[in-house]
Amino acid sequence: MSTNKITYRDALAISMERALANNANVIILGQGVTDFKGLFGTTIGLHEKYPNRVIEVPLAEDSIAGICIGASLNGMYPINTHIRADFGLLVFNQLINLAAKYRYMFGGLFEVPMMMRMIIGRSWGQGAQHSQSLQSLLAHIPGLRVVMPSSPAAILASYEYAIEKYRGPVVMLEHRLLYELEFQDDVFISDTPLDGSRLIREGSDITVVATSVMVLEAKRAAEYLSRFGIMIEIIDLHSISHPDKEMILNSVRKTGKLVVADTSWSAYGVAAEVSRIINEIDPSMLAAPVINLGMQPAPCPTSKSLEDLYYPDVHDLVNAAATLHFNSFVHDIPLPEKQSMTDFYKHFKGPF
Amino acid sequence: MSTNKITYRDALAISMERALANNANVIILGQGVTDFKGLFGTTIGLHEKYPNRVIEVPLAEDSIAGICIGASLNGMYPINTHIRADFGLLVFNQLINLAAKYRYMFGGLFEVPMMMRMIIGRSWGQGAQHSQSLQSLLAHIPGLRVVMPSSPAAILASYEYAIEKYRGPVVMLEHRLLYELEFQDDVFISDTPLDGSRLIREGSDITVVATSVMVLEAKRAAEYLSRFGIMIEIIDLHSISHPDKEMILNSVRKTGKLVVADTSWSAYGVAAEVSRIINEIDPSMLAAPVINLGMQPAPCPTSKSLEDLYYPDVHDLVNAAATLHFNSFVHDIPLPEKQSMTDFYKHFKGPF
Amino acid sequence: MDQSQRLEYEALRIRMVEERIIELYPSDLIQSPIHLSIGQEAVAVGVCANLNPTDLVFITYRGHAFYIAKGGKLPELFAELMGRRDGISQGKAGSMHLASPIYGVIGASAVVASTISHAVGAALASKIKCETDKIFVANFGDGAMEQGAFYESMNFAALHKLPVLFLCEDNGLAVHSKKSERQSFDLATLVQAFNIPFYDLNEGFDPMKVFTVSKSAVGTVRSTQSPAFLRIKTMRYMEHVGPGEDLDIGFRPSGEIDRWKAKDPISNKTLISKHRDQIILEIDAAVKFALDSPLPTIEDLLTDVY
Amino acid sequence: MDQSQRLEYEALRIRMVEERIIELYPSDLIQSPIHLSIGQEAVAVGVCANLNPTDLVFITYRGHAFYIAKGGKLPELFAELMGRRDGISQGKAGSMHLASPIYGVIGASAVVASTISHAVGAALASKIKCETDKIFVANFGDGAMEQGAFYESMNFAALHKLPVLFLCEDNGLAVHSKKSERQSFDLATLVQAFNIPFYDLNEGFDPMKVFTVSKSAVGTVRSTQSPAFLRIKTMRYMEHVGPGEDLDIGFRPSGEIDRWKAKDPISNKTLISKHRDQIILEIDAAVKFALDSPLPTIEDLLTDVY
């Protein structure tokens, strides 16, 4: 699928609308899905059109997740929303102990097709409890598909596939910072868009494996570095639970140098998993140490001055790539200013 | 601390008893902590001795975890038990969104010293919901100390330190299969036993990094292989959140060959993290691909015939080490029979 | 047989299945934690006699009785308990995760209270599909009512007027812990707070009384397509998990079980001698089926993960 | 001033602090989501006037009013909102995570209902320490009562007879969702199920009425060292989060707020003009303190993690 000039939010809204229109079994359950803000504009008007199938819910995440499993067992395709991924921690019992295991545990007697949409918060003082990225926790668990779409095309392809073709539980981790952005030349073609990664840009010098909003930062870094003749290859990990290992291996075989840029912490995170993938096959493809960029090893602070230091961005990516390229922390590439990503993409002041 | 001929269970019982005796602020809350089975024999008689401080609780994991945080904020040292780590998923909101962040989020105004004891189940048909090992999920989160003690000495040292000296939330992942075992020449000396790893055995050929019960399997494999002149170095990871990186790096620098043997799944797990630790410093220390042994990528099946295939054991460890040693899947080392670990250690039939 | 005799027969059949499980246990053929319903059979048979095959029940790890009462077959049950390829779930489930979709038994969970919300969700689906004939039974123990998920589920079911029967099998124990150590609420008042009709029965040993009260409760749910609550007091004769008893340990009031047994028609000699031989034959055949079934292999290990 | 005047003064002071926050907001000096208590101030001042400094309150992301009413200082508050080094928590907390341990304000959480159990746990500790003079206030909104954690907390507090005041600040809304879309229970009956004394007040605009009813509720908790429940109906004048109003969107019954404001003594002109200047001076000084405070730096980034 290819999209032009639509925002990430548009793609989500289109996906939700199409799902309801095309499939009478789709239901959407979540806090705020029926109100005038419609979960950051992704469900506006849908309750009016499908009053029985777009359902406002009590503040009771655990049971709502279980209700979705029950509805799925009885023929529905539930889409359960969480305005912050952090609140998703309340559904870990249902998601991990039940949904992920349901098919296997009963030897294939049941299936529980359903989707959890979890939105990752960032900036404007979201703080420690509105900013977490839980992809590695969920991707550790067999039975779950965990996807971090980084563009409208990724959303359109993978949401439709999940809802129409796939028969298990899927967790979609959306990034709030991307919602307002328009994308150009955004193409995503895949027969199985819940699996695999996306080659975003080819380059011969350094591989950057990135997730979600970090894919955009990687693009900015790559453009910047190309001016200095350093060619970055960018892989959008996309399917966190089922990445394209061959794509990663082939790229690192070519470049020998790797930066991983993730939205969460590095320890036991995406950075760790990418190193595992390489080391199980052939660590000698790495010509240099891997540089991993993620959140600082602390809860997220609220103050903007700390938050800007907390998250890695284009500045850190350029520095990492230059360090690898020149095999030295001291290099001649001038670093782009450490400018808040929020300021760059859009002056984000809510709604939250 | 050094122990001789006491069981893992004894060490837990001693730790609980000493904690209550030495520190009037210690309270133990959990299902079954006051009954005659006393959480697999680790709290027997304590309620009779400390009726107000050893407290049976309703089946309400979420609020009990919160109650522990509240009690901690008001001066207690709560020990909260979970008879299966799987039920720990119900406390992820309190543990991750609250306990782990409490000190940082309030800029150091509060501390929440407390301990979660989570027991990992295995064998005799525990199945998908009584067998999980959640270390990597928890160790991803800054603010938590996550420890997997593999012996009585490790328990005695780290529980006492956690309760008497450390001022934050600690998760202890105990392994049910170890409870009945006696240990000899079991020594653990550390000033900060919630951090760091343990060098269990020195060897020049292959490094095995193992967790929990896999440390014991690694020892069996090492003894077996020593008969064939293959010398295994064993590192017990011990502190999953704060492993001794230098110890791992030094060992792999020496051997060039690495096997990671963990109690959970490999993806986004301990296996991944160990590779991250190496690759951030110098992947060239690896002379061969890493072999990672963990649970098969599926929920845990109940049937013993499947369960025996599901978990890695001494057979797989010997095979992995021999493969690395001879740089070939085809090697001359006869493999020890794939015998159920349960059968080997003790014929385990409950109590559950 | 009249209704009462049929119910007693069904209850006896369940008891004899579980007694066979106990008999087999020392052989290690069944390598699975077992939570027996001995003493509680009347609940399952009395309630299920009011259900249609299309009604769905959502059960727990203590699920043998409901599995059988709702129509689940014995050969597949024994094969599952023995971890065999021809078990209900090919040996992947074991005793704690029974299910029988064709008879309306949805998957049992070993996490307390975790399927209550599933029943509510299935009922929501039914309402959205404009079905008016089905009901959904959430079966749980007294301990499960301490979980927030139970409360949240009642709120949602009452709010959306969903055809759910909340069925509490109240044996007064959670493992070894008594209700007074765990609960401070009056159940009738709690349920009333949600304006959910409350049915209560103390004589859970009597299949016919269970049948009668659940006829009303099930009828209410079916006709109003709204939730009702049924609490049945019952008695667990055996230990919480495992094949033994736990009487001599002294944590249970002595005589409690004996007094209950004296009123329990399934312990009745005449009933037993009348049906014994036939049921034994049936169980023998089921056990044979299980023993003849192969164990699953590496080929099965990674199927159905997703 | 008499009690009533003092309470009105306190409420006005809180309102003026929040009005200053609104004023400052467009400057981007406060880069933090803000959940204002404007319209709800009477609850905080009326309840806290019955509390001792050693009593602990457990608050929420909508915490400015309780923070101030319990004694929290304004300079550190403004510095915290502006993310400064001299803020309550050095800028790491922001508006959603206020606290003031010396005045008995324990850390606010932005996860709905997540601190109710903390109050219960602190009360448990107090009981174990044989204290008999302290009480613990769990403050939460109407929406929080849908969370299982709320129910579990009531069960535990009632079971162990803990000195907890469950205080529901009932503004009828969770973000934009009305109670009728979320709740099916009758609160009085629910609370009664736990045998917890229930106090209810509709006139949450009146600080003196709040004071009086909470005097009884607090008194009950203190004297019985057992839980009590106090629900106070109140009105959120502003949007759920942010500095604006949400009246013209049409999801709230029109006139609802105006009718409430008409009864709200804090909107009273005489009161305002009497205290205005003095409070402005105090707030000016607090804002100045905040503006003079440096921003935290990389040195602060990784402190206090553990």
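Each chain gets a letter, A, B, C and D, in the order it is written, and its residues are counted from 1.
The definition used in the following text is that a residue touches a chain if its C-beta (ideal position, glycine included) is under 8 Å from a C-beta of that chain, and two chains touch if they have at least 3 such contacts.
If you're wondering where the values come from, they're calculated on a predicted model, not measured in any experiment.
S.K.: Among all the other chains, which ones are in touch with both subunit A and subunit D?
M.R.: Touches both subunit A and subunit D: B, C.
S.K.: Let me check something: if the centre of a chain is the mean of its CA atoms, which chain is farthest from subunit D?
M.R.: C
S.K.: Give, as an integer number of Å, the spacing between the C-alpha centres of subunit D and subunit C.
M.R.: Chain centres of subunit C and subunit D, defined by C-alpha means, are spaced 45 Å apart.
S.K.: Distance-wise, how many Å sit between the C-alpha centres of subunit B and subunit C, to the nearest whole number?
M.R.: Taking the average C-alpha coordinate of subunit B and of subunit C, the gap between them is 35 Å.
S.K.: How many angstrom between the C-alpha centroids of subunit D and subunit B?
M.R.: Measuring from centre to centre gives 41 Å for this pair.
S.K.: Determine the centre-to-centre distance between subunit A and subunit B, using the mean Cα coordinates as centres, and give it in whole Å.
M.R.: 30
S.K.: Enumerate the residues of subunit A that touch no fewer than two other chains.
M.R.: 57-58, 60, 62-63, 86-87, 90, 93, 97, 104-105, 127-129, 142-143, 297-299, 301
S.K.: Which residue numbers or ranges of subunit D touch two or more of the other chains?
M.R.: 87, 90-93, 97, 109, 111, 146-149, 152, 155-156, 159, 182-183, 305
S.K.: Mapping chain-to-chain touches, which pattern fits: line, ring, star, complete or other?
M.R.: complete
S.K.: Please output the residues of subunit A touching subunit D within their complex, sorted ascending.
M.R.: Against subunit D, subunit A makes touches at 31-32, 34-37, 56-60, 62-63, 86-87, 90, 124-130, 296-299, 301-306, 309-310, 349-352.
S.K.: If you look only at subunit A, which of its residues touch subunit B in the complex?
M.R.: Residue list for subunit A touching subunit B: 62, 86-87, 89-90, 92-93, 96-97, 100-101, 104-105, 127-129, 132, 136-137, 139-143, 241, 258, 264-273, 275-276, 278-284, 286, 289-292, 297-299, 301.
S.K.: In their complex, what parts of subunit B are in touch with subunit D?
M.R.: Those in contact with subunit D are residues 27, 52-53, 57-58, 60, 62-76, 78, 93-94, 97-98, 102-110, 142-145, 167-169.
S.K.: Which positions of subunit D touch subunit A when the two form their complex?
M.R.: 28, 31-33, 83-84, 87, 90-97, 109-113, 143-144, 146-148, 174-177, 181-183, 241-242, 249, 251, 295-298, 300-302, 305
S.K.: Would you tell me which residues of subunit C are touching subunit A in their complex?
M.R.: Contact set of subunit C toward subunit A: 56, 58, 87-93, 97, 99, 101, 106-107, 109, 111, 114-126, 128-129, 136, 148-149, 152-153, 155-156, 159, 303-306.
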